[in-house]
Amino acid sequence: MTRPFRMADLSWTDYRDRLAEEDPVVLVPVGAIEQHGPHLPLATDCLIPEAVCGACASRGGRLLAPSITYGYKSLPRCGGGQHFCGTTSVDAATLINQVKDMVREFARHGVSKLAFVVGHMENTWFVNEACDLALREARMLGLKAPRIMTVGYWEFLGEDTIRAAFGDTFPDWSLEHAGIMETSVMLHLHPSLVTMDRLRPHPPAKLPLWDMWPYDERLVPADGVLATAIGASAEKGRLFYDEYVATLSGALDTAFAEPAD
Amino acid sequence: MTRPFRMADLSWTDYRDRLAEEDPVVLVPVGAIEQHGPHLPLATDCLIPEAVCGACASRGGRLLAPSITYGYKSLPRCGGGQHFCGTTSVDAATLINQVKDMVREFARHGVSKLAFVVGHMENTWFVNEACDLALREARMLGLKAPRIMTVGYWEFLGEDTIRAAFGDTFPDWSLEHAGIMETSVMLHLHPSLVTMDRLRPHPPAKLPLWDMWPYDERLVPADGVLATAIGASAEKGRLFYDEYVATLSGALDTAFAEPAD
Amino acid sequence: MTRPFRMADLSWTDYRDRLAEEDPVVLVPVGAIEQHGPHLPLATDCLIPEAVCGACASRGGRLLAPSITYGYKSLPRCGGGQHFCGTTSVDAATLINQVKDMVREFARHGVSKLAFVVGHMENTWFVNEACDLALREARMLGLKAPRIMTVGYWEFLGEDTIRAAFGDTFPDWSLEHAGIMETSVMLHLHPSLVTMDRLRPHPPAKLPLWDMWPYDERLVPADGVLATAIGASAEKGRLFYDEYVATLSGALDTAFAEPAD
Amino acid sequence: MTRPFRMADLSWTDYRDRLAEEDPVVLVPVGAIEQHGPHLPLATDCLIPEAVCGACASRGGRLLAPSITYGYKSLPRCGGGQHFCGTTSVDAATLINQVKDMVREFARHGVSKLAFVVGHMENTWFVNEACDLALREARMLGLKAPRIMTVGYWEFLGEDTIRAAFGDTFPDWSLEHAGIMETSVMLHLHPSLVTMDRLRPHPPAKLPLWDMWPYDERLVPADGVLATAIGASAEKGRLFYDEYVATLSGALDTAFAEPAD
Amino acid sequence: MTRPFRMADLSWTDYRDRLAEEDPVVLVPVGAIEQHGPHLPLATDCLIPEAVCGACASRGGRLLAPSITYGYKSLPRCGGGQHFCGTTSVDAATLINQVKDMVREFARHGVSKLAFVVGHMENTWFVNEACDLALREARMLGLKAPRIMTVGYWEFLGEDTIRAAFGDTFPDWSLEHAGIMETSVMLHLHPSLVTMDRLRPHPPAKLPLWDMWPYDERLVPADGVLATAIGASAEKGRLFYDEYVATLSGALDTAFAEPAD
Amino acid sequence: MTRPFRMADLSWTDYRDRLAEEDPVVLVPVGAIEQHGPHLPLATDCLIPEAVCGACASRGGRLLAPSITYGYKSLPRCGGGQHFCGTTSVDAATLINQVKDMVREFARHGVSKLAFVVGHMENTWFVNEACDLALREARMLGLKAPRIMTVGYWEFLGEDTIRAAFGDTFPDWSLEHAGIMETSVMLHLHPSLVTMDRLRPHPPAKLPLWDMWPYDERLVPADGVLATAIGASAEKGRLFYDEYVATLSGALDTAFAEPAD
């Protein structure tokens, strides 16, 4: 029988005891509420890392902390942009402070291994800034900070899997928004939340190598699908998902194996 | 059949259409990850308002937005204080910015009726500050702001219900932390997350009428239960819960009935 | 003969010597410039705690520091709201930083016992946030922070006094704005600043249990008196005032009696 | 008979009516709690501008708003520095926000002429920054901002008066801290708060033309008197004071005479 | 004869006239002071984009504004990390505000086309956040904002050039820090600032796919060269440089061709 | 042969070694991009302190760090005001954070003597605030802070030189904006950037002793020259410049001579 692994479900005494007895890695998904085409739910960037982290937690004696649900603003070239209805985002300063406050708290609890697992590419740099500031603050407070890992869950996918799923048409991770990968994983994890028959074929977004402010909304497909999701399947989704769980688990083992010195 | 009412589960197109067609109230629970005694989970202040708001949404054509999960710091006199392991809180500025950013986004979506339903008393004043700043910002942007309601879900409980549940021993809402009310509602909603046999009788917290910085941790019961939860039951929980849903629904109807003008 | 007790009137050398010799409690009133009906001055929330703290200081060997004059924004349900002309308020961040900076300074002076005595209910949570941040900063600086008390001066009034003054009609402290209590105390302390004959009878404010943004100004009595002040008298004021001084003095003795450890 | 001129003493209705009927200049002293030698009180930088502004208000139909009591940090070369016990200062950001919030409020009241009269040289640049930001914010809000004057009360003293009071030994305004001018004015205004017999002759502070961080405290006279106050008298004080009132009144007339356009 | 193209060298009247007559693109390099191995100067990330932008300006009727010299903190995986002596960086908030303030000013000047050309990869996301906030502020102020492009100067290099310069060993842009590309361009532009004989062969940095806080400094080559610069030459540098100038010029033409509408 | 003295040109290893071997003073010019009349370039307030500091560095074994190029907003009475096209300024908070971040970095490098040499009078108070905050932060971090000097380069000019250059018409430093001093030094340093024949005689700015928000732009000469530059010459410029270099060098020697203790 699996022990409980969701911090949210534990009483404070159980949580305290788990930290004291096992010194587990604590995983925090950092998602977004963001348009993911007409066929995927707004919480896609939360649901996938929550599932991946949950599996890493339940199988590996780790703990899953509640997600940071609302993420940084959507950029046209990786999330379609901030003009879509439904995308509900926070400014950089808000996300930075959210993460920084949490690190201070986990440090107080005695957590020594902490991982922010990003489900929304735009969060990455601000989570990193927060970690740097949190370490600085911990030093100021004379507080032993946890070692912290920040990582996008999609980073580890092997080339074989990519080729198996995409053939020669992998569009690059930034454009893989509401596309074959995310759609497949959602078909595997939450099929009832996916409406495949709404997908219409259209070419991928043709965004330039630069960013414009304001940007031309016409360069972003009107349905918010940056690269086609046609061809997604639960089977592919299982493939992706299993590899995410396996590679993230391995990365966590590696990252937290040796003492920081 | 109930229509979907969770914003997180909707695609952006469905969400957009719901707003356009029904102009629904959008409900945002504002909870906390906070110690709730040895018998209740850390997420209690999220789980209860999520359930109450979910019922108000599903029965009333409203939408339930994802919660603000991590709340403001715990005060000794209403949450036991910030020295407990597991309590994972943010500073005032973080919560204020979180709420303010969200109001800006909902305004952009065209939401005209927004309710922040507080599940953790300490959040209240900072959510209000955020709403004031958000209206100021909306005015600056020339953006039509939603009318916003902020409320604690527990506010509406009738005296009859209180007397029925507590007899003459109602300890005041601030001390009703991890006590009979919260425990009963959790027994009704999530019995598997409640461990009643861990409860030990002890007198309620005897905190003075003032706050001290730093405070004396010895004034707070060591288990985090401010007023006893012995006597809690799922039946009482159903009573509370049903009344919360009914009174909050009524309050939403009243509050958003007439145009703000 | 009374020794001087106002910090503002002391030279820095006298102040330094008093701290070194007596380690006195330093009292800081935290007031507001806020409408108090047509019959009370805008500074009412400063004048009352200044008098109460002054008496606590002069009789008890304590020191009275200059007030924080401009307070947090007025809420409809405890101060009539921010739409009144004359109400001159600061944002949460401003008040928080004001208090935090002052704690840092008092710590540098060597003050070991500090009390912020709130005269305006809306200030309370932000003063508390400031104290929490100030203790965190003191820890960062390796600075010995004072023990700090935060309290509303009205908190200690006994039920007997309430009953003697209000009979059965005590409207709750939040509505007691520009009402019988404040008016009576002002008649006792500053009769020349009170204009009783401007009072017109009207029912108390009928505000809902929630807050609205923006709120409906029509729910607030147009004159800013939330609950009637008719019936106020200097005699009642003396009663209130004497009890405030006595109970606050007692509370200070209690709060600062034992070492924080 | 003088009409009331202190905003703090007015009811909100009287204040509102005064604004509507007379469109008066509103004067805000911006002082400090700062060491002023062994012979002057900590509030000297509040007391002088309050008296000067009060006279300008009472004689000229203007209104005197409550002071900003706690000012910016003391610099060695104009206030002795921040190492003195009793000096109780705020950071730049705090003072800037305090002033900015107040401008927003006075603008809402309909004040069209506002003057921040600085009593502590170190405040000057931060009050100016606040005014710039406040005008920017007013523009954002579509709010008619007042025309604002910022000025040090000492700026207008004529050379004749300086020569009459100092002979050839005027040390420059920045060193005139707790010296002949401030001491004389305090002897005129508040003789009971001045203890002349504590003054000991010593040469003026010999500070370099640059600032050092940290600075060498030994360059600042240990008693905090930057240039001698020996020779101060109530008579000189009356001379200074009368000229301050007259010249500030004239400056206010000039500054607010023509429309800003 | 080339007309002056450096904003810094123009008088304000010449600058004003150029804006009015030609509506030029204004280019702002956003560099860093950061270790670039033992063989390149600390200002490498300023010098290259200044040269590229200068050429784009002088040849294309554009204006070159002074650089933002101090950039965001160095990450191990693209700049070696923040533990190197000499790397002199600012926090995210500082860079964001710097860029935001500049956009406000250029908007006031009437600049309609503005490009921030990033010379230090770590700056990218914070410059983008600044642009988003600047557009929001411009909307608040009713100020016509420029259209803004943000881009890394290295983005446009064609695959042919990469292959010609690196053969099959191109290490990815993030590792190309103090490597063949930057060294070659510096040999072309500023040969006197390059000391090739200090280079020692070592394998490229072997950094994981995730970030760690704190990171293991041993994973970063001790000399700060992430991928070898051996093989760099002025000739390759000219190749790179010419292509940067040509492709950035083309990109600027494209980006600012059509009205934003 | 002069050793390199520009930090920007050094490799990190050379910079590190210089710090270790010589413990040099590091000089940071703090300039502005600001109108300087029709005859001087926008970067005048950078170019002069860069030259002065460069000479102090090259002749005295000191290091010249890259300038802070964009300075605080221009005030009418010392820079003409913020309405001029070309003046490109940052808010107080931005400049404060820029300087504070840099102090943290130089402290990390092991710099023990740091001088911010101001070229734009309006920067002064904000640079000082930054230094105070930086020392506080260094104390929090347990980081040995450098001793820091802040100074305007113009402060040291002797009365003889002033009389020699201006006769009896020295207008005070604040009005000496784009006037005889700055113009002469620029004629000495960068004659190709000065266009003397654009100067038209007009009386000096007649600004009052107070500041107004908003200010009356008509009080500022339309060309931005606050006091006439007619009469400027390269010869005078050399005189000024040589004295600046000599007196600043002397001041640096004095200021950093003795240990801070």
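For this structure, a couple of remarks:
First chain written, first letter: the chains are A, B, C, D, E and F, and each begins at residue 1.
Here is the rule we go by: a residue touches a chain if its C-beta (ideal position, glycine included) is under 8 Å from a C-beta of that chain, and two chains touch if they have at least 3 such contacts.
Quick caveat: nothing in here was measured; it's all calculated off a predicted structure.
Steps from chain B to chain F, minimised over paths through touching chains, total 2. Mostly identical positions are employed by chain E and chain F in their mutual contact, as over half of the interface residue numbers are shared between these two copies. Seen from the C-alpha centroid of chain B, the farthest chain centroid is that of F. Chain centres here are Cα averages; for chain D and chain F they lie 29 Å apart.
Mean C-alpha positions place chain A and chain D at a centre distance of 55 Å. Here the spacing of chain B and chain D, counted between their Cα centres, is 47 Å. Of all residues in chain F, those that touch two or more other chains are 91, 93, 140. Contact between chains, per the stated criterion, is found for A-B, A-C, A-E, A-F, B-C, B-D, B-E, C-D, C-F, D-E, D-F, E-F.
Across the complex, chain E is touched by residues 7-16, 19, 33, 35-43, 46, 65-70, 84-91, 93-94, 97-98, 101-102, 105-106, 108-110, 193, 195, 198, 223-224 of chain F.
The part of chain E that touches chain A in the complex is made up of residues 73, 75, 82, 91-93, 96, 124-126, 128-129, 131-135, 145, 147-151, 155-156, 208-214, 216, 251, 254-255, 260.
Partner chain C is touched in their complex by these residues of chain F: 136, 139-140. The touching residues of chain C, counted against chain F in their complex, run 137, 140-142.
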